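The same chain A turns up in both complexes below, where it pairs with chain B and then with chain C.
Moving on to the complex of A and B:
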């Protein structure tokens, strides 16, 4: 059963009642919300995701609702609850869906320590993972969006989950978040992208999500082996430039981008060292998305030709 | 749906009482157990108990992933405490005082079962009161700094409490609590810290790291739990006590020594509550004679009945799904009781009114 297979009204019924048990990659999240924008966002972006039955196991128990009190009539706010506890500063009333997305990210990065988790986009081609670790504003999500409409399979635009013992990357296909100017860049670059509502004036500026491609969702169990690590940097007007990166520096950047490196300690070091060892590492500067996509296409072709 | 044979209510208590039954629970029961146990800081403990019995792999894959996650967190905290104890040892090496660890750090360094799957927030040490200025200045030289406290908070700690304000390391962000006693100076019970310090023992792994002797470690665990105004980790502390008693209780003569040491240290009442609650709630084996002897210091009927029902409600996971009728009343009464035992009535009234007044105003922290 997928979200899009639910009978009319049933999504709202679940979200407002016992909870929607939504599977995203390895996790099942029980989501409750009475907000229309959350229901619409879930229906639009999670249509292909499996709905688990009531007698199964949920990894996280979350809710998005209006903050109670007098304020709700004057200047409504939304809050995100994990197992009944309010963990974030409330946001303005129209930000329910982005808040759900950020909250789900928090559940994974803050609780799922069975994985070593990087703040990085990750895609797959020829069985190999392309990891794009980068801070906000580096053009990571834009590049990720450009690639996933051109032959690369989306594993995640935000959270790279690594199994510490096998060094395989676990897909977590969810809506892709774009900010500010990237929204219009991707609308022009990939008119087929299914965008939801643009939310203005969030902490990160203008935010919009588009739906993950169907094959990314249906292949959520196909893990990827290490392939490439590229540190992307968008520089206005810059030429497309892919430069090899030393393994030591690549390792340091992965450590910086890890959410729970400290928790995995030695095992985490060994897993990242293994990942870097088995990946081709690059620094990548770009300003033109079409050239960037062609550059990575050449990497994928080389891997396919090499029979890797 | 939940299996009809699964327990309901407070699943953490069921799990601690009968860990061997837990792998057979249904997925929905497991889902609730994980939420309740995470709330009570006992998820890693449950995982570690299962692991020690070789039963981790008998748990279904989805909940097992959370057990592995909790074990990873506990393991990283234990490594951090190990490093922190090394740093403390270096900082206090020539302070002329042995490094005496309390509570979780002591269980861990002494290799006791109560250290297994223990979640930490800080390291606690015990020093003689006269050495406080020396110890504090050495810790500051090695990077530990006092946080921001109001002048009143400073006075509250320094004049009346059994510890100085927590010191946080400026680079590592770790926190050490320096104690000079195990109860506030103003408390009704007066356990003499000199007697505790005179009987400390080195741990097996290092000759220069000390912990309280077994009877005193148990009595401190009980005193801490049954005088605490904040019982959000009450069940975690009761589980520590359960594991300590199961471990030390096997030593010949332990129970007699425990009862007489309780009287000697003026801790007979917390000893009574400790043995009774561990036995009633977690099924800790306690010889009938020890229960009876400790019970002589317990309150008379009907107060004894009331206290039983208060502890029964308070010492459980405080996850909303565990609340029994009147749980919040019980927690409130125990909060008042803890303050009542901590300070004489007039001082208590003054303290609570100053805190209430401060809460109405923006905090004006002053550097110490």
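Moving on to the complex of A and C:
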């Protein structure tokens, strides 16, 4: 059963009661929340995701709710709980859905150490994964959004999960988060994108999410082999420029981007080195999204023709 | 930080602690003792590999790296010798090699 198959009122009933056991990629998260914006966000963005049975195992138990006390009436705040523990600074009351998304990212990056996890967007084409490791503000999510509306399959816009022993990339298709000017860029670039509410004045500025494409969700079990690693950098006015990157420097960027590299120790080193070895590595500068998409289209075509 | 190494004496790397990948111009080394990863030049990587197999003096490193005919003493310039010394010093500072007790 998918979230969109739930009977009217059932989503709210689950979120407000025993919890919605939502499958996203390899994880099941039990989500509880009485907030309308969380329910609406889940309904909009996770409609195609599977719902697991009430008595099944959940990797993460989370809740997003109003912080209790007088603040509840004067200046409402929302809090994110993991296993009942309130571990984050509360946020203003209208940020329930972004907080759920950020909290889920934290759960995966901080708790799911069966994978080597990178702070990187990742897409797939012709069976090969394109990994885009980059810090916030580098244009990673904008580029990811542009590509997923042009033939690339979304695996994740934020977290690249690597199976250490196989070096394959595990999909984690979830809503794509955009910030500030990127929101309008993608609205214009891909009018079909299903955006939720724009939330103002978050810690990251203006934030909006759009829904993952249906094929990304339905193919969440299809892992991808290493293909390309590109370090994206948006520079206003810059020409589109894709330059080969030495594998040693690419490896060091992956190490910097990894959340749990040291936990995996030698195995983590071997996994990242294998990933780099099997990928074509680049530095990529862009300012025009249409040109950027064309550049990666050429890479995909070369791979399809056996020339990658 | 380890003390700087000098040009006298013999140096060795801890083979059991290190993993590396050689990509031609760029090497990456993982030091499991310190849980640190380092990017090395090809020269530094080759020197490290030599010191994993056995302890080496600066002259032995120079001979292996620069001189195919074994005439290092006559052909190695002071700059080349200093260059090897600097790399050895860097590897020592990173904790990747250490001087063997005499």
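In the analysis below, the second predicted complex is superposed on the first by the 306 of 308 C-alpha atoms of A that agree within 3 Å, B and C clash if a C-alpha of one lies under 4 Å from a C-alpha of the other, contacts with A are read in each partner's own complex, and residues count from 1 in each chain.
Definition applied: contacts are C-beta pairs under 8 Å (C-beta built on N, C-alpha and C of every residue); 3 or more make two chains touch, one makes a residue touch a chain.
Quantities reported herein were computed from a predicted structural model and do not represent experimental measurements.
Aligning the two structures on chain A places chain B and chain C side by side, free of any clash. Contacts of A:17 after superposition: neither chain B nor chain C is touched. Using the contact criterion defined above for the overlaid structures, shared-chain residue A:59 touches chain B, although it does not reach chain C. Legend: residue contacts after superposition of the two complexes on their common chain; A:113 is shown touching chain B, with no touch to chain C.
Looking at the shared chain after the overlay, A:262 reaches both chain B and chain C.
In the superposition on chain A, contact of A:277 is made with chain C only, not with chain B.
In the superposition on chain A, contact is made by A:246 with chain C only, not with chain B.
Of the two partner chains placed by the overlay, neither chain B nor chain C lies in contact with A:137. Here chain B and chain C are compared by how many residues of chain A each touches, and B touches more. The gap separating chain B from chain C in the superposed three-chain model is 6 Å, by closest C-alpha atoms.
Shared contact residues of chain A, touching chain B in one structure and chain C in the other: 262, 265.
Of all residues in chain B, those touching chain A in their complex are 1, 26-28, 30-31, 35, 38-39, 60, 62-63, 65-66, 68-70, 72-73, 75-76, 79, 319-320.
Taken in their complex, chain A has these residues touching chain C: 246-249, 251-252, 255, 261-262, 265-266, 269-270, 273, 276-277. For chain C in complex with chain A, the touching residues are 19, 21, 23, 25-28, 30, 32, 35, 37, 39-40.
Residues 26, 28, 54-59, 61, 83-84, 111-114, 260, 262-265 of chain A are the ones touching chain B in the complex.
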